[in-house]
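Structure below; questions to follow.
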Amino acid sequence: MEEVLFFAGALGALGGAVGVIAMRNPLYSVLALIVHLFSLAVLFLLLSAAFLAAAQVVVYAGAVMVLYVFVVAYVGGDQESAWEPIPGQRLLAPLLGIALFVELAIAVLGSSLLALGTEGPEVRPGFGDPAAIGTLLLEKFLIAFEASSILLLLAAVGAVVLAGRRRAGDAPAEHSAPEARSEDPPPAPTPGAPA
Amino acid sequence: MSNSLLWTPLAFGIVGLFLPRRAAGWWATAGAAVTLGIAIALLADFDSAAGLQHTVDVEWIPGLGVDYSLGVDGLNVFLLLLTALLWLGGTAFAAFREQERPGLFFGMMLLAETATLGAFLAQDLLLFVLFFDLMLVPFYFLFGAWGTDRPDGVTASAATLKMIVYTLVGSLLMLVGAIATGIVAADGGNITFSIGELAREPLGEGSQRWIFWFFAAAFLVKMPAFLLHGWMPDAYRAAPLPVLAVFSGVLAKVGAYGFLRVVLPLFPDATVEFQEVVLVIALASILYGSVMAFTQTNVRLVAGYSSVAQLGFITAGIFALRPDGADGAVLQMVNHGLVVAPLFIIVALLAERSGSEDLREMGGMALRAPVLAALFLIVTLATLAMPGSANFVGEFFILNGVFQAKIAYAFVASIGVALAAFYALRLYQRTMHNRVPEGLVSREIGWRDAVVLVPLVACIVGLAFYPQLILERTDRAVSEAVAAVGGGSAEPPKAHLRGGDAAALACARPAPCGVPWEAPSNPLQREAVARQ
Amino acid sequence: MSATTWAWLVLLFPLLGSIVTAVGYRALPARAAGAIGTAAIALSFACGIGALLSLLGDEPEARHHASALWTYASVGGLRVDLADGLHVDLGILVDPLSVFMVLVVTGVSTLIHLYSFGYMRSDAGYHRFFSYLNFFVFSMLLLVLAGNFVLLIVGWAFVGFASYALISFWYRRETATGAGMKAFVINVVGDVGLVLAAFLIFRELGSFDFEQVFHAAPEHFTTNGWTVTAICLLLLVGAFAKSAQIPFHTWLADAMEGPTPVSALIHAATMVTAGVYLIARTHALFVLSPTAADIAAFTGLATLLVAGTIALVVTDLKRAIAYSTMSQIGYMVVGVSIGAYSAGLFHFMTHSFFKALLFMAAGSIIAAMANDQNIDRMSGFGKAMRFTSAMLLVGGLALAAFPGTSGFFSKDEILAFAEARGGMYTIFVVLGYAGALLTAVYTFRLVFRILPGTPCREAQELIDTGHVAHGEPVNPVTGEREDTDVGFPGPEHHIAEHSWPMKVAMGVLGVLALVGGLVQVPGVDHAIASFLDPVFHDSPLAEIHPTATSEWIGLGIGGAISILGIALAYFFYVAQPATPAILIQRLRPLHTLLVNKWYFDELIDVLVVRPALAVGRFADRTFERLVVDGLVSGTAETVRGAGGIVRVVQSGFVRSYALLLIAGFAGLALYFLVVSS
Amino acid sequence: MSIEWYVVLSALLFATGAMGILIRRSPVVILLCLELMLNAGNLALIAFSRMVGNQEGQVFALVVMVIAACEVVVGLGLIVAIFRRRLPLDVDELRELRG
Amino acid sequence: MTFVAPEIDYAGLSPVIALAVSVCVVLLSGVFRPTERWAPGLTLTALATTAGLLVWRWGDSADLVTGALRLDELAISISLVVLLMAAACVLLSLREPAAAQVGSGEYHALLLGSVLGMVLLAQAQNLVSFFVGLETLSIPLYILCAANLRRERSLESGLKYLIVGSLGSATLLYGMAFLYGGSGSTGFAGIAQGIGTESLLGDPLVLIGIALVAVGLAFKTSIAPFHQWTPDVYEGAPTPITAFMAVATKAAAFAVFVRFFDVALAPQADDWQPALAVLAAATIAIGNVGALGQRSLKRLLGYSGVAQAGYILGGLVVVSEAGVSALVFYLVGYAFMNLAAFAVVVARERETAWSDDIEAVRGLGRDRPLLAWPLTISMLGLAGLPATVGFIGKLYLIEVLVEGDYTWLAVFIVIGSMISLAYYLKVIAAIWMTPSQDEAGDAVVTVPLTGGDQPVLAGGSDEATGLRAQGEVVAVAVVFGALTLILGIVPSPLFDAVRDVGAAVGLG
């Protein structure tokens, strides 16, 4: 039973992940991510992290993803072209991805940490339920808790200032303005000024 | 006293920054004059029998074991005097002329003096390195901002940049070397960089070997020595002449001085081991410098390359590792400074008259300017180490030292003497004699320049009559420095074996190649010794 | 006063004279400068006499006094005893040899100063001239009085410089400055030789002081040991460079660019004989190395023959006399090298008399020729300038060793001594007489070219108007016009007939040239030999004394040869004036060889000058550019190149940044995995 | 199921996310890929917390979720801002800054 | 289950609390009084208060909130540096258009937020607070970089920073996960003894974890090859922000770098030391070489910042108290030198039409000595020439490196600073050795700033407001220039301070 659930969740998570990077249309990518999140929640449950699984579903798959959908809808989910401007990127990216996975896998499998092979110790019921997490959060990780709350506030502010405000002279940015750069120094404003 | 000597110039310089344009030059000259006064006072109560004197020693950065410790002894007393003297000359010469942004110019000038004096005074390895590097900063500004761009497109700042980077290559490596010295010597104990302390028990062979080269590189570049002089031609052509006078007169000596002050006492084994290598470099500098000097047509470069050759002699003298060679070297440092500074001032005057710095566009100036010609002649003769000049004594001692230590090198080096005669005289003839080219207006030296030039030349003449003035004061310190590498000692043991064969033996041995010092009162006594 | 005090005074006056005339170049009127200069030397001569008398005052073997003003330079402890360190005093040594030299030098110099007083009158460089001249005398005296090798070297170099300054006295002449440079550089080579010799001596004996060295030498060195031979050869380098002996002789002929009095004083009477003095002074070493002594002797012999032959063909009056000088110095070198010390120095004395005289006469004639020195254009001055001609004749006779004249006795004494040593030294006798014949011929070639015959234009003008001819001021060598605004050489020329100082000087010398030989007549008196004996008695060769009879035989031969030579000259240049041309036709190659002075200049040019310049050019054009700059710019370029790469990688694509980041991690992880296993 | 499986899975997800960042050009998708990577981290944390049997890992994961949310918010805000400036929504087009 | 509130050392926590509160206050001031410019004043007061509280805590180190944070000399000194930078940033931002565009209140709130993150990071002692602190540091900076909404470059830099930054923190997080797994603890001490066990020495899991964390931190401290965001972001971001993060981020990140590696990961030191040493060398090389051809001063300083990070890392590589001291010393010095330089750049951006091009400082020596000297001194200092704090700092670093048997790295530092001379002196040459461009600048500046086209021809510098009266900017430049010089001549006070820091970290 547990194996089945694991593989189901694993496949879902993986599939979702692949979907995210494979989908041409950002909107589909978002949806793929939602799949991924749900499957992860399953795995969390298997790891007896009930509260987190719930949070995952509610906060993530719920709130955050909705935000994504809105934005994608706002900016318009146009397809990105297949053309690759950076030489070698197409070749190197997968290679690196594989290398990364291999290295991490070796690290995990090669580790002499015996516990890795086990399913973990027997845990008392209530392991990872809201109460436990909450206690820990308010005792040991109080600082983290408070700080992240402030961080949320700041992020909100940031989002507002970036996306929200409309101030005077909100002209389109000077795209492709001739900037002073190493290639071409700016034209000397007055004659006789060696550029 | 060392303190006041060290900081007086800087103090004047800083005040000078806030003075009106007209006053700056005179104020700076006054500052240099005061400094010279202190230097003379220092010499006056210098006790040639005592060792280090007028010492100052306070902790500066306890954490790093760096002390602010100064001191005067036979090695540096005359170099200090030389520095003060030449700076007075250079500053006065500049003060008589219109400078742009004078406040800054003279401020930098005096900062440079303080840095140089500091390098000579420092008795703490890191302090020495600090001043050694600090010297470059003001000269960077002086060369770059007041220098002249060449028609062929090499700007003053580019040439100066070349110089700075090049010379810092050496001196920053030296920084690592210095720190390594302190730490290796301390090994775990509390670190000190006091040169005196470090000289007590030198490092192990291994570490000496590489640290030696870190220091040697710095000093050889500074001089500059053969193959490391790449920065010299551009920098010399860019530099403003009054500055160049002090630069070439004093800064090159700091390198040579470093060998005596730091390298010999701290790395004796390495010194002995690499003696021949350095000697070869020195010889190369002598020959190459001389040869270049008589092929150049730019007056500055003739002087510049001649300095390369002269510094070659000085290095050779030091690395004879014998008191006479080293004594000669110290004497020669002073002499060369006294000679090359007036030389550049004269070059400036010649350039003013001929409107060019090219020998091919000069000539026949002696007629309308006999006094200038006479002064120039004296300087020229001193440059070529005319017997009877103090330069000759210096060169004589140097060569004698080399001769007694490594006979073959002396023969090669003596070629340089003959070449010197040629290039120096060529310089004089092409400018003062022969026919007058078009557009050259020869005129007599003005009183302003005379005020600067005559005293310097007077010093040359004076020393010519009594070089002992310097030798008897430097002798003790120099002998001690050389004694560190086993080359003779200040208080030599009586009845000591010497003579050609003995010398040969001594040299065959890797270790102390200073030929055992003194002569037997007569050959019989020597035989007696030999039999023992 | 003690001899040393006198000696210091001897040194003092010329120095003062030099300084005064130099400093007062504006204040002093021209004549005053001349007067001061001359007076200074005269005073120094007087002091020389004083030194002589006080020296004669004490016992022959006690006739050497050292004195030091102050420690000149010393290291390795300040104790004065020899036992430690390198110690040099500002010290002099007064002994018969030095006094003898002093007297000759100051004496002749006084006269030549007097001569110049008239001769240079109209020259704008009058002060400078006398200042230099005084300085030269000072240096020469320093040279001969020096008490140690260092001071000797100083004097040695000083005279070299004085000679340079005076050769290029008319410094707008490129030829003059060139000649000056040549003379100076060759002399510096000599100095270097001397310096190295000094080092070697110090290495061996631990001292530079004459007396200590010569005292220690005999016990220290084994005869003909390599060290002592090396020392002697190095000394010879110095001696030959100064005394214009092969192969260092080429500078002397060019040195004639200088004013004639200079040629007379420096390049005939005094400086060029310094080599002879040096060998005599260091004879203690030479006796220890007969090899070196013989090398010296043979070089002298070679020089006297080569120079003599060249003198046969040279057409420039002063240069001809210059070559004869070399040849005569050859005699002296032979003398002092084979051990005839007194004879050699005796010849040096007489030679300085008659050679100075010859130059003076030549100067007077050249002045009359309006600075033209070509003897082919001269003739008939016998009528035009009686006094000068007389003096020329006297000098010629003395040079040709005409019986009774000073040269007659001195030259033959050397050859007699060689004969007495016998063995291989008879070569010197034979070739010495051959040289004597040459001498007679070339000397009278000059005499017969100049004096008899129909007066040339200038001579005629002198006869008619009594005025010296005036020509374009041109460089006598190149013939290029001189820039006249300079004021030297002086606008008008002065001849002995018109200027009493010149006349006096020449007169005195004329007398000396005639009777000077009588101080030392075989079998009659040995004034010089006996006076110098204390210096040389320690030499094993001092025992050798040619018998009076053998000397008289020698004199007989010598006289005959000289007359024969004069007769030959008469035949060639007066009786059959055509013969020289014919001979030249017949012996074309020989003539070319001689005219080109045996190609010595070319040889040196190829062996030394060109290579040096080539090296210079290579260093400047190639090495400096490629290696030295390459070292710098190469590194700079590399670094800049690396910078280029970094900036290309910084492509602005955020994804490539991410790529690099992950690649970096992959690398790092790889490293860690490697160390973990 | 032993913990290894979970961790290896998370490694796979991590690599996938990284690869996505390298190959996708739309900033939105790149943000999604960042989410993937953070989630991989979370999975690992939770797996390990199960392994060692304390819940610190879970709390950490919770905090990470919050932070991820913050990044998303800011990221999206930035994207909107860029869109507002009528600039192309393609990270490759934004390379004024380089060299 | 019962909840026992953790006992909290409020005294120790006071700085953090002060900051947190002030964030809200400033924010509110911006929201309710957007017209009145209260924010800067409030921010400065907040910073001053926090600084005061920190100084008050100097000397008694303490673990706060069940070991989540540790307030010791290291944390305090670094926090003080951060606060100083922030204060300077506030001054430089007074006339900053970016501030105006996002609203002064928000701007300063975000700044304070970032500062809070840094202070937390400097004290962080378990993984969670470490990560939270890092993000609290970064996220506001992402926003601030993009704050100049009207400049494409600003937005671009913001996005780039966000993407690469998040990638970096994801890596970091993953590494933390591994270390947590390996040691079973999130506290640094726990990790230390967890991975210290014999069985885990050189265990791949742990090592990969270390590698991942190293990458994350290396990214924040712009160590090559994770540095590439640095030049771009520095150039694109509003200059005051660049000035702030150039030093503050490095400082905070290095603080936790030290704490984490020299304390938590010390047991595995033998494995990671060489790797970091190599990274340091590479960083020195790349940073210096990259700066060579730059014309944009901000970009140049960016690359130089990379190189400097390489030097600083040297202090960490040798796991020793002296090393930590040297590191902090150099950080402080770097802060002063850098800020002096950036202040001048800000001033010139507003005075001339050259934006941050090197032309902007041409002839400065003649026109504006008060700006020329600080820039000159800071350049000399960054190049490590004597009589500046830069020289002493390098001295210190080299000394600890040689002591720690990393002489080769010391030599590398030296070679690096030789190369660096080439570009630092280029700036000095522009200041002193070339004719003035000032009239050029004025010519444009005097044009009234209307319409969007003028900045275009002026090189996109809409900051070119032509104001001469920027007292605060000049003041910042002069003060920090002076500090650079003074500490170069009398370094001992700073020295004694950093000695305590080294001791406080508590390692052999």
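Letters A, B, C, D and E name the chains as they come in the text, with residue numbers starting at 1 for each one.
The definition used in the following text is that a contact is a pair of C-beta atoms (placed from the backbone, for glycine too) under 8 Å apart; a residue touches a chain by one contact, two chains touch by 3 or more.
If you're wondering where the values come from, they're calculated on a predicted model, not measured in any experiment.
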Would you kindly count the fewest steps from subunit D to subunit E, each step being a jump to a chain that touches the current one? 1
Counting C-beta pairs in contact, which two chains come out on top? A-D
For subunit D, which other chain has the most distant CA centre? C
The distance between the C-alpha centres of subunit A and subunit D, rounded to whole Å, is 2
Chain centre separation (subunit B, subunit E; CA means) in Å: 44
So what's the Cα centroid distance for subunit A and subunit C, whole Å? 98
Using Cα averages as centroids, what's the distance between subunit A and subunit B in whole Å? 67
Contacts with two or more other chains, residues of subunit D listed in rising order: 7, 14, 17-18, 21-23, 25, 31, 47, 49, 51-52, 56, 59, 63, 67, 70-71, 74, 77-79, 81, 85, 87, 91-92, 94-99
Among the residues of subunit B, which are close enough to touch at least two other chains? none
Going by the touch rule set out above, which residues of subunit A reach two or more other chains? 85-86, 89, 92-93, 96, 100, 103-104, 106-108, 110, 116, 132, 140-141, 144, 148, 151, 154-155, 158, 160-162, 173, 175, 179, 181-182
Sort out which chains touch which and give me every pair. A-C, A-D, A-E, B-C, B-E, C-D, C-E, D-E
Write out the stretch or stretches of subunit E touching subunit B in their complex. 325, 365-366, 380, 384-387, 391-392, 394-396, 398-399, 402-403, 407, 410-411, 414-415, 417-418, 421-422, 425-426, 428-429, 432-434, 491-492, 495-496, 499
Touching residues (chain side subunit E, partner subunit D) in the complex: 127-128, 131-132, 135, 139, 142-143, 146, 149, 152-153, 155-160, 162-163, 166-167, 170-171, 173-174, 176-178, 180-181, 184-186, 231-233, 235-236, 294, 299
Can you list the residues on subunit C that touch subunit D in the complex? 647, 650-655, 658-659, 662
Interfacial residue positions of subunit D with respect to subunit C in the complex: 18, 21-23, 25, 91-92, 94-99
How about subunit B: which of its residues touch subunit E in the complex? 60-64, 66, 101, 104, 126, 130-131, 133-134, 136-137, 140-141, 144-145, 156-157, 161, 164-165, 168-169, 172-173, 175-176, 179-180, 182-183, 191
